[in-house]
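Each of the next two complexes has chain A plus one other chain: chain B in the first, chain C in the second.
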Partner chain A sequence: MKLNELDLFPYPFHDDVYRYSNNSVLMDKPSSVEITPNYLEEINLKRKLLGSSPARCFQSLPYAKKAQWEVLEIVAQQLADSYPDKFSLDKKGKNWVFCNTLLNENHSFIIGDDSTLPHEPLDFIGRHVQEDLILMMQRDGDLYLDAGQLCFPANWSLAFNLGMKFKEIHNPIPGFKEEKLDDRILGFLLRVEAGNPWQRKNWSLMAGNRMDTSLETYDQWGKDRKKVTRENAGEFVYLRVEVQKILRMPRTNGILFTIHTYLLSLDEFCQNRKWLEQFYSILSELPEYIAEYKGLSMYKDQVLQYLKDKMKRGD
Partner chain B sequence: MYKENTIPVVVKTIQIETPFVKRFTLTAENGYILPGFSGGSHITAYIEGSEGLLERAYSLTSYGDNNESYEISIHLSETSRGSSSYWHRHMKIGDKLRISYPKNYFQLSYRAKHHVFYAAGIGITPFLSMMAELCERGASFELHYAAKSREFCAFYHLLRSKFPRQCHFYFSCEKAPKKLTYESLQHHPIGTHVYFCGPESFISSFKDAAIALGYPYSSVHYERFTARSSKSAAPFLIELLNGETIPVSKEQTLLEALLEKGMKVPYSCRAGRCGTCELKVLKGEIDHYDEFLSDEQRNSNSVILSCVSRAKSEKLLLEYG
Partner chain C sequence: MKQESGDTPMAAFIPGKRKYLFCFDEIGMSLLEKIMADIRAKDIPFEIFHFSHQESALPAWLSSQKMGCYLYIAVSRKYLYQIMCLAEAAGFSEEEVQLIGYGDKEIHLFCCRCHSITELAAAANKHAEQLCSCCGLLLTVSSHYSPLRNAYLGYPAII
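Take a look at the complex of A and B:
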């Protein structure tokens, strides 16, 4: 994804020091998804990936079907409400018609009847939004990843995580368990209420501008990390920010987790002097265990040198 | 403070269920369909009473996918000067109010092999949607329901016709009085989950009996509706480890007072929910307003969410600074 306008980039930091935390905030205007100027480009890429690697990009467990329909309903309704010039949702009893004018597509289906859709409900609506969609079902006081469409993962695998509990999924994050962040964030998620969705931002660095950095294809993109130099970092290294939204689904009491991925090259990012300076502070102080987990240990020094050069030049 | 988004609704019908219970149907003011909900859900209703805004939780007693209306059932409390009295004496068809989105803190267990509901009086309300959901799933359940008499037993006829095989009634003031006791708790098969709802004394005695009989904690569920106090905030002082004392005025939060002094307290939601701004308290009594800490943490009086909670005592000594 390339953005010419820095204005659209969701700047992820609000302090000169970064640590893992629950940095969620209540959303001023509740929403599950957002349309950006890269819509067509990203939807095409998504659909290409879903066609070529379906098992990597969509997974579901049979008992999550009712909740999948609720995801479709929430997302389709919000698209129609937030972007009435681009989408519409016409409901006549159980007969619904969803129109997407950006793609010039009309879909008629019977709500709750799987046979009337070309794909499973979550997979279907996911093909109309830039976000990855993850469905967590709440059962006996825990959250389980029971369905998801994931085309743009930041080095994780949906097929591997399917059916896992929240804490099992987050087990690899260093310090997460030791600092009881897993308990705290699970407790927070269990208390998220319908009508009051939350948002958080997560960040990492990427060598290259690939959106689909799945664990399964690490062999293809992971080696680019070795190619970063002080000279090429500006155009080769990207700041990757995920805007994550957390919504309670009232009918099935599940959690819908949407992830919108943004990439911005360091050259573009550094056009904002304040961002450059703050990011330099963060990166130079960043503990090794976080750098390692975010996959930037291998080229952190090169990026720091690049940022330092930028600050000296004052441009 | 956490201010939730609400839905404007209109009172569509009012029906008399028993001499003390009225049923109210609510529809969306704009005519839209209301959000669906799962068995055991409730809403918070906000009404303007004579003594200010009243905020009360009521179980949703209807159930179904097509939610053109919600139904709640309210018992007139004899001592009530507030909410239930307002609903019974002043609420009219066509009156407008705001309600929260459906919330569920009394969800059905997924691993239960058999579900048993114990209700006393108006405690029946959450079980109506839970039983309807189990019926839809084809799951196994039963109800034990205590009331004074048939006349005072809300939903008696509905329950008898909808779930004839699953309902057991206990009427304490009829000619042949029958009392609901712990006896039946001894006869449920392994894998049973029990759910209790009713007056505080009923819940705690049945819960204790179930635990004493050897039910695992995770198989015992109950719902209490406690109204959160929203009394006006008072000023207090905080003392830091470095000896500095900082006043917190009644208009500001503890977090705001610390940030104003340039202290870098981590925070995020400012609504008492994410847990980021938690601080350790060494001395002083805490007035908790958060939705994050467990009861155990709350009672320990040793941690505070600085974005919403305050001091009960004049001063709090924080392990900070």
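Take a look at the complex of A and C:
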């Protein structure tokens, strides 16, 4: 375990009962990305995946190029402002130089000129941050997934979802449509203002500690769910939390979603007694349709037994 | 875009347009005959385009049309989606196009693993498992549909 992983872990629960909701909150300190101690490890993994599976990890539609440049500008500027000891962005007219001292890389390019970058703009800046970056463009009163870099998906396919409207993307979530949550969240997103970004957390359980749980590789990692036992759950099962940030881009009026994925083994998670007790309550009560969609039906009972043992022992 | 439905395709005449455009293949022509005869009789401007699947002049023909046209597309269902996309790209709105497809209906299955498309007869049991025609993964057909891919998402059937 990394030194302060438990302290950094974004605990996602507020109540003893969990249901789907729009749990977005205004960010105290607006930001699009965060650097954590896992930076080098996760950037290396990201770049490896982008190299070996480019179509799985990056997709874009041609008309989103201008917005991609705006994503690059927002993220690079924020890195330089928030982490001046690690990043810098030097602008001389259209000639920009982006320096990443963590990777020992300097990139010179002409803003807006695709030929001066080694990758498409969103793909370029995504290779410097741990977050997955999803760009949704607003038109005709709807949001369309027009570009994205996705290396650490929670079992979905960027290649399939490309070009979809917001509600089409979320169609498979049980209860989402029936409870009109799709209407409410879309309405909320359409009203997000530039300069006032929002943040939400999403969670699931994972058998294994893979970051790249793409739908494309589900046939490989999905079977690990069958291996969970009451005895191995502590070290084999991970709580997976996505911190999703939602920013309106002032020039192109698109929405940038950044998704930072955190994994923590149940053994580490349970070191916090309050977390252990609350998570036990949530999981005990969790409706089957949510457990099924989050992919934890197959081993929910084993995890509950593990949590119960942990509470009894009081350790 | 008015979609054809059912097994017996029918074209419906939409009156009051400035000009009518007919795009059809050999069989599709017979499905538009009555409407074309009515329009000829009324001396309303129209143009026709004989479609063949190797056709490359269609985008230019569609793009050269002016506002106020109404487009009928009557072709094999195999090419209907492709032509519909060309019409959209040329700037036709949904209200300006009528689609009349004939022949076997097909659905496309998107393989979650290799992104290939497998064509399935719509008559096939959607709940049955299907092999990806490219990587051979056994897939279940979901109801999740991508307009861009014109395909349903296939999930691994066995985990």
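Remarks
The working rule: the second predicted complex is superposed on the first by the 311 of 315 C-alpha atoms of A that agree within 3 Å, B and C clash if a C-alpha of one lies under 4 Å from a C-alpha of the other, contacts with A are read in each partner's own complex, and residues count from 1 in each chain.
Just so it is clear, a contact is a pair of C-beta atoms (placed from the backbone, for glycine too) under 8 Å apart; a residue touches a chain by one contact, two chains touch by 3 or more.
The shown structure was predicted, so the numbers you read here are calculated from the model rather than taken from an experiment.
In the superposed model, B is the one of chain B and chain C that contacts more residues of chain A. In the superposition on chain A, A:N232 makes contact with neither chain B nor chain C. Once chain A of one complex is fitted onto chain A of the other, the partner contacts of A:N44 are absent, as it touches neither chain B nor chain C. In the superposition on chain A, A:V25 contacts chain B only, with no contact to chain C. Judged by the touch definition given at the top, the superposed model places A:T36 against neither chain B nor chain C. Look at A:E193: by the touch rule set out above, it reaches chain B but stays clear of chain C. Once chain A of one complex is fitted onto chain A of the other, the partner contacts of A:S108 are absent, as it touches neither chain B nor chain C.
In the superposition on chain A, contact of A:N95 is made with neither chain B nor chain C. Contact with neither chain B nor chain C is seen for A:S284 once the two complexes are overlaid on the shared chain. Within chain A, no residue touches chain B in one complex and chain C in the other. Note for the complex: chain B touches chain A at residues 2, 4-7, 35-38, 41, 65, 100-104, 107, 109-111, 218, 264, 266, 268-271, 273-276, 291-292, 294. By the touch criterion stated above, chain A contacts chain C in their complex at residues 55, 157, 159-164, 168, 171-172, 215-219, 222-223, 225.
For chain C in complex with chain A, the touching residues are 110, 112-115, 137, 142-149, 153, 155-156, 158-159.
Those residues of chain A lying in contact with chain B across their complex are 15, 21-26, 30, 70, 112, 138-141, 184, 187-188, 191, 193-196, 198, 250-253.
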